[in-house]
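Both of the next two complexes hold chain A, though its partner changes from chain B to chain C.
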Partner chain A sequence: MFNVEAKAETFRSVFSVLTPIAGEIKLAADDNGWKIRAVDPAHVAMVDLELESSAFEKYDVEPMELGLNVERLLESIKSARGDELVTMKLDDDNRLVISMSNLTLKIPLVDPSGFSEPKVPSLNLPINLKLNSAELQKGLKISASISDYLTFECSEDKLIMTSSEDLSMMTLELKKGQEYELVEFEKPSKSSFSLDYFSHLMKGVGANRDIQLHLGNSYPLKLVFDFAEEKGHAIYLLAPRIESS
Partner chain B sequence: MTDEIISLLYEIDPEDLYISIRLIRGEVGPGYEGVDLGIAEKLILKAVNMITSIGEDELSNERKRIGDIGDTLEKVIIRKNQASLFSEPLSMDRVFNNIQKIARKEGRASQDVKLKIIVEMLNDSEPVEAKYIARSLAAKMRLGISTMTVIDSLSYIFNTDIDNAVEALSDLDLGEVGNGYVKEMISHRTKPLYGLIEILSKKKGCPIDPYIREQALMVVQEVRSSVSELREKIERAYNVHPDLALIARSMAIDGPERVIDISVKAGVPLRSMLGERSKSIEDILLKMGGTAAFEYKYDGLRIQAHISKKRDGVDVHLYSRQLEDITEQYPDVVDVLKKRFSGDDCIVEGECVPVDRETGSLLPFQVISRRRGRKFDLMKKVDEVPVQLVLFDCLMHNAEDKTLRPFMERRGILSVIFPQISEELELKGGLSLSKMKIINDIPQGEKFFEQALENGCEGIMAKSTSDTSFYQAGKRGWNWIKFKRDYRSELNDTLDLVVMGGYHGSGKRRGLYGALLMGVWNENDRRYETLCKLGTGFTDDILEDLLDRLEPYKINAPPLEYSARMEADVFFQPRVVLEVVGAEISHSPIHTAGWKPSVDDTGYALRFPRFTGRFRDDKGPDQATTVSEVERLYGLQNKRSI
Partner chain C sequence: MGMKGEGGVDLPEGMDGRVKEALDMWGIKSLYPPQKDSFPAIAEGKNLVVCVPTAAGKSLIAYSAIINKVVKKGKKALYIVPLRALASEKFEELKQLNRLGIKVALSYGDFDDDDRYLERFDVVVATSEKADSLLRHRTRWLSDLSVIVADEVHLLNDKGRGPTLEVILTRFKQLNPKAQMICLSATVKNSADIAGWLGAELIESDFRPVKLSEGVLYGGSVRTSDGKERALTADTGDPVTDAVLDVVLHSDDGKGQALVFVYTRRNAEAAAVNMSKVLGSRLSGADTARLTEVVDGLGGSDSRIGKRLKQAVSGGAAFHHAGLSNEHRKLIEVAFKERRIKVLFATPTLAAGINLPARRVIVRDWKRFEQFNPQAPIPVLEVKQMFGRAGRPRFDTEGQSYIYARNEEEVDLLMERYIWGEAEEIYSKLGSFPALRMHILSSFATNYVRDMDELWEFIRSTFFAYQNDTWKITTDVEDVISFLEEEEFIKVDGDKVEATDFGKRVARLYIDPLSAVILRKALLSEPKKLTTFSILQAACYTPDIHKMFVRRKEYEKILEEIYSREDELLMDIPTEKADYDFFLASVKSAIFLLEWIGDGELGMEANEERLEKLFNVGPGDIRSKVETAKWILYSMRELARLFNSPMAKAVDLVALRVEHGIKRELLELIGVKGVGRVRARRLFDAGIKGPDDIRSSTVQRLSSVHGIGRVLALAIKNEVLGPEGEILEEDEPGEEEVGTGQSRLGDFS
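== the complex of A and B ==
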């Protein structure tokens, strides 16, 4: 049994968190809600996501695993208004039946056995900041014209985003207590990341969302945030670029 | 080469044999599935760009400078600066799974996924691993490990008699060198075996006790014949199921002896049986014991049709003689087979010939060769040039292997599978049986032959009606003898020669190839030998075309399977086959075809060779004209002049 109903925007927010990582994912569903863990094919980024069953208007699910093409799902609910109710259920032919107002779609499932079972690497990150995603977006947009990577350098009282190549350079300085709050600080750290990957992840986070950013020294970063009216919880991990020089 | 492959494969865990063979052969799946890798080098370089930050321009310049995608990656990959979330050493499984994923992802959106899968592998690659991954992806492994090398290797690796022999031989004192060979034989298989045979065969100056020597010699001779027996079984398995990786896996899992169980299967094309040639009807009847089934030899495209009943209808697959899936190019043939078929499943063989819709007569083969490789206006072509499938053999019926049943019985089954079928060409239906007659004397045979020519055929194919007239998949045998008009006149029968090398052109042909070094396949010594230098029959367009066709097969040095005394500016892997005519076959001190150094130090050469304009894309290099055919043509030509 798999029969759920939620607002279109709820589904949209879940799928949008996933698409920057993978086009196809394995969903583990049970009484408590949905759990999805996916790694991008290059093993550079991953997502670990949970959506509580209370995020749904109707939730009737036996424990099971489903392979889904999230890009197709996102496309299929594109036309729905945000507060429009959408149901998704499984039919006897193992297809996902999506219905909203007068529209019905049937989409075949993806074989879930083909997915790897990623473990979340255990990371020891000395810095944890709280900030609004808009603060990062600003730096991202500008650095895109400069280089293909982005460096975070965090000291006790400020976070500096830099991006440089040849003679061009961008520096964006965020101040503690103004643009961000410091939750944890062990030692100053510096890490660089692929701009392409980072901006995809930030698209998944969405505009104007409170996030926690965990950083280390030449170490993966961790982005933690809630979505779907705080009933969805997501963690992104992104592997760093290692400065060779 | 075989020695090294044997040592390599012997060391490998049997479970990994399947993947190892795929990887060293640079294949994703069995050849007949037609799944190719051939990833654009640009995409590979883009993956490098993602993990090293080296600009794409710089990478493409490096690639140009170094000349090989594998060497390029080996050099630049150390500048890798993208970390991975889960770093772990590469395994064969992981690489092969990724290669499979890449090969089977289709469409534009998948480019990004392909790119990332390449990144995933390169991220964990040592430089040398990156080199071979890149070459595998770009389909440029170029190890030149032939089918025969692998079959040979398997016949040693899986030969338990070698291990038994080692046990028997360890009890004998064969001198220091001999005992050394025996010790090495378990793991190195071939080299020590032949080393041992060499010492034991020397009668004079052999330090081993004569009685022991005799005993040991018997043991090693037995091993040798046991190896060749197993090789024959593997070859037979390969001929009916041409997938070496699968054969190796089945030998590893089910046991080497079970290789004989590998059999004909719908959806897996068999290697075609081929016919010998003869110089006269008289000779044919003599060889066939007085009686033979004569069939028209149609000038068309040989097709193997696999038909099976499925839950949702009838499934048809068509394969060319090259075992290439050509189902999509002949929707009309598929339709007629679906409609007319009755039974569970079958594999039938026939010749696909173009027919003139107005007159009902056969058209030249060239007319349908225009259909090859077409996608967009295929349906138009289907209408313009209707084809007829003329069936002549049945290789499997209702899950039963028929290849080891006599020819007449096999042909009889065709009328069971297709109840309404007859020897008359059908203008509308498009399915018929080859014209056949049992011939007992020469005048009858001559008459049938003339009739075949009048009806637009190339000649006749005589087939033995004996109880042992089996379908010898992948072999040329005397159970089938072809006879064409050409054979009795001057030497204007065509030869299908392999392009082995090229010479840079000058003057008008500057920048193109001025001439090509052409060769034949020596099926006994399993190598390619040169027959002529070909420089005529080429138009400017053909020369341009040749440049592109040959480019992917360029290699720096002649492969080990080449025997050539002539130098060339460039050598190619044996892939491209051209149809060539010539004036006569002569002896030559510079060509190596059929060259026996011990006899007279000359080989055969084709005098005044000329390209007919026909690329034999339907033939693989080992289906090209063979040395023994050249030898026979030479014999025919000399008899004629007497």
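== the complex of A and C ==
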């Protein structure tokens, strides 16, 4: 049994968090809600997502695993208004039937056995900041015209984003207590990331969202945020670029 | 003979001991009477005609003869069956002889091949067409045959398949007079004719291991042959439904099943769907759950037939006809054998085909449309074949076969004709012009016959000649000879006759000489414009292609097609009515194939659903039509080469496209294993247009194409990369995905 109903924007936010990482994912559903863990094919970025069953208007699910093509799903609810109710259920042919006001779609499932179980690396990151995604987005936009990677450098009282190539350079300085709140700080750290990957992840985070950014020294970054009216919880991990010396 | 003390079978003198081993292997402790009667003749190596009802153990007689000879003399056996489905069934059974060191092979399909590899096997199971084609290729091992089995030999009476069966048996009689011939037949009135023709001992019996009770179903009751009348336990108002519910729901052991024969496919489908509505609500929860599994197994089919099938199965009923896809047909057969499906509505083809017995058989329609009689009664022979499907050995103590009377008057008529009546006599159908044309050419082309004397000698050995005076066909034979000579299939020099290269090639291609004449004419024509349609229409105009029925309302559309494509036609538009209708039908078939290969109105490869809607064909029909077209197009290409026709290349391309059902642009993709017409189209539309694109795409990109999961994406990619470049782990990145300096998450755990 798999029969759920939620606002279009709820589904949209879930799928938008996933699509930067993978086009197809394996969804584990049970009474408590949905759990999705996916890694991109190159194993550079990962998402670990949970959506509480209370995020749905109707939630009738027995424990199961489904393979979904989230890109198609996202596409299929594109036309719906944000508050429009969308139901998704399995039919006898093992297709996902998506219905909204006057539209019904049937989409075949993906074989869930084809997915490997991604392992979440245990990371002990010395820095944890709280900030609005808009602050990062600003730096991201500008650096895109400069280089294809971005460096975070964090000291006790500021976070500096830099991007440089040849003679061009960008520096964006964020101050503690102004643009971000410091939650944890052990030691100064510096890591670089692929702009391509990072901007994809930021698209998944969305504009104007409160996030926690964990950083380390030449170590992966971790983005933690809630979505879907705080009923959804997501973690992104992104592996750094290691400068060859 | 008889049962031994410890429950084994006593073999007659001269029979090889391995036969006993095989019987033990099959767990057979005693023989049925017809089997017992046959064994001495088998041991003596005599020819045998066995006329017994279905399920009376005919096959075992044949198997025993095979084991006896093949083991003893190290020689070979050929087992000839009329249908592919039967060939597979026999093959599955005979395969068990592997344990006795007897190697068994199955051969059907490609007719233009001598299948030399079959030499390595001891027993070959083949359809009669395949056996004929092996004879035409003068396949060497045929002379090693020591046993030839012909199953369902009463089909000598069949207009379509009869002549071929007759010709191969005649040929073997001449070529291999020492080989033992075992012919298995349903009960026919003149079985002595077959035995007489083949110089065989006749074993005739009405023995059945499961008792059969025959009767007429009328109103709410059944009148059986012993004069009794029994009221049915169900009362829905429809006698056929009642008779089904009676056995399915109200039998003592709760294991009753019914098989209902109806005349048309539509009827079979409608009846099954209706039955499921009545039956479904009366089934137990456990039954319903077992049916749900079957429905799930039928998968997500978009075709109308698939949908109806699922609807029917969910309520415990199903239908079975040639329009079903192979996959669905097999699932239905298995589910019926497993007693999940309670009632099966089948067209009469099932009676001649696979072994699918049920406790109760109901023949609902006993009239059918024939050319000169739209209400022709079905022959007794055929009804008896259907009746014979009643009673499952080991499961049922009695089989019940009922024929349905629609009114009071019919009751006596049906009782007399079908219950008391005897099966008709069978007659050779070799005397028709098309059959003679085909087989006389092959006789010359294969050098089995070299002059008119030898031809007549051959004709005199046929079943036709056994039943008729040969002068009856003297004129026909002469006409065939002049047709073949005129069309340059043969050269006649006094009494000597020799096949030309054309004649030889045509005989081996296994097409009707008239088809070859049409194809040759098309290949040597000079159209203003040569298109795919030109080639398809010519191919569809041959008599080997089954005609598609042109409805009145389609006339206009087809005429329009003809006039707008007049420049493309390779054939003249005939003026005579019959030929003209045939021409229209050929255009319709060509349009069907155009849709199939994406050159139709849609501009894209039509899916099953569209073809079904436009042409009223099921998935099984599509497959068989495509297969025949492929064979004719292959022949056309071979003839194009023979005549150095400039069309050879174009025909080749069309043949390839028809085989796969694709537009030309998909040809590169279709070569990749695992990529069929549907996936090729999706890949192409996603911008992946050939092996090079697959090579340069990541597995993720491939798997983002609808219908291609990760596992398949990886398989496709590896197929293109070849063994050197193989990617083993599906999550391993494509090399271009990670730039220098980029780490992976795995580096940090």
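In this section, the second predicted complex is superposed on the first by the 244 of 245 C-alpha atoms of A that agree within 3 Å, B and C clash if a C-alpha of one lies under 4 Å from a C-alpha of the other, contacts with A are read in each partner's own complex, and residues count from 1 in each chain.
The working rule: a contact is a pair of C-beta atoms (placed from the backbone, for glycine too) under 8 Å apart; a residue touches a chain by one contact, two chains touch by 3 or more.
All figures in this text were calculated on a predicted structure; none of them were measured in a lab.
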Chain B and chain C placed together on chain A: clash or fit? clash
Review point. Touching A:V39, do we find chain B (first), chain C (second), both, or neither?
Key: both
Worksheet item: Which partner does A:D111 contact after superposing on A: first (chain B), second (chain C), both, neither?
Response: second
Comparing chain B and chain C in the superposed model, the one touching more of chain A is C
Subject >> Which of chain B and chain C A:N69 touches, first, second, both or neither >> reply: second
- [ ] Determine, under the contact definition given at the top, whether A:G204 touches first (chain B), second (chain C), both, or neither.
- [x] neither
Practice task
Answer with first, second, both or neither: which of chain B and chain C does A:P121 touch in the superposed model?
Solution key: both
Let me test your reading of the model: by the given contact rule, A:G232 touches which partner, first (chain B), second (chain C), both or neither? neither
Next on the checklist: With both complexes superposed on chain A, which partner does A:P20 reach: first (chain B), second (chain C), both or neither?
Outcome noted: neither
Clashing segment of chain B (vs chain C; choices 147-155, 201-209, 273-281 or 381-389) is 381-389
In chain A, both chain B and chain C touch residues 23, 39-46, 71, 119, 121, 194, 220, 237, 239-244
Chain B residues touching chain A in their complex are 50, 53, 79, 81-86, 109, 113, 115-117, 119-120, 123
Within their complex, chain A touches chain B through residues 23, 39-46, 71, 118-119, 121, 148-149, 194, 196, 220, 237, 239-244
Listed in rising order, the residues of chain A that touch chain C in the complex are 22-24, 39-46, 67, 69, 71-72, 92-95, 108, 110-111, 113-116, 119, 121-123, 194, 219-220, 237, 239-244
In the complex, chain C touches chain A at residues 292, 295-296, 299-300, 310, 698-700, 703-704, 706-707, 709-711, 729-731, 733-734, 737-749
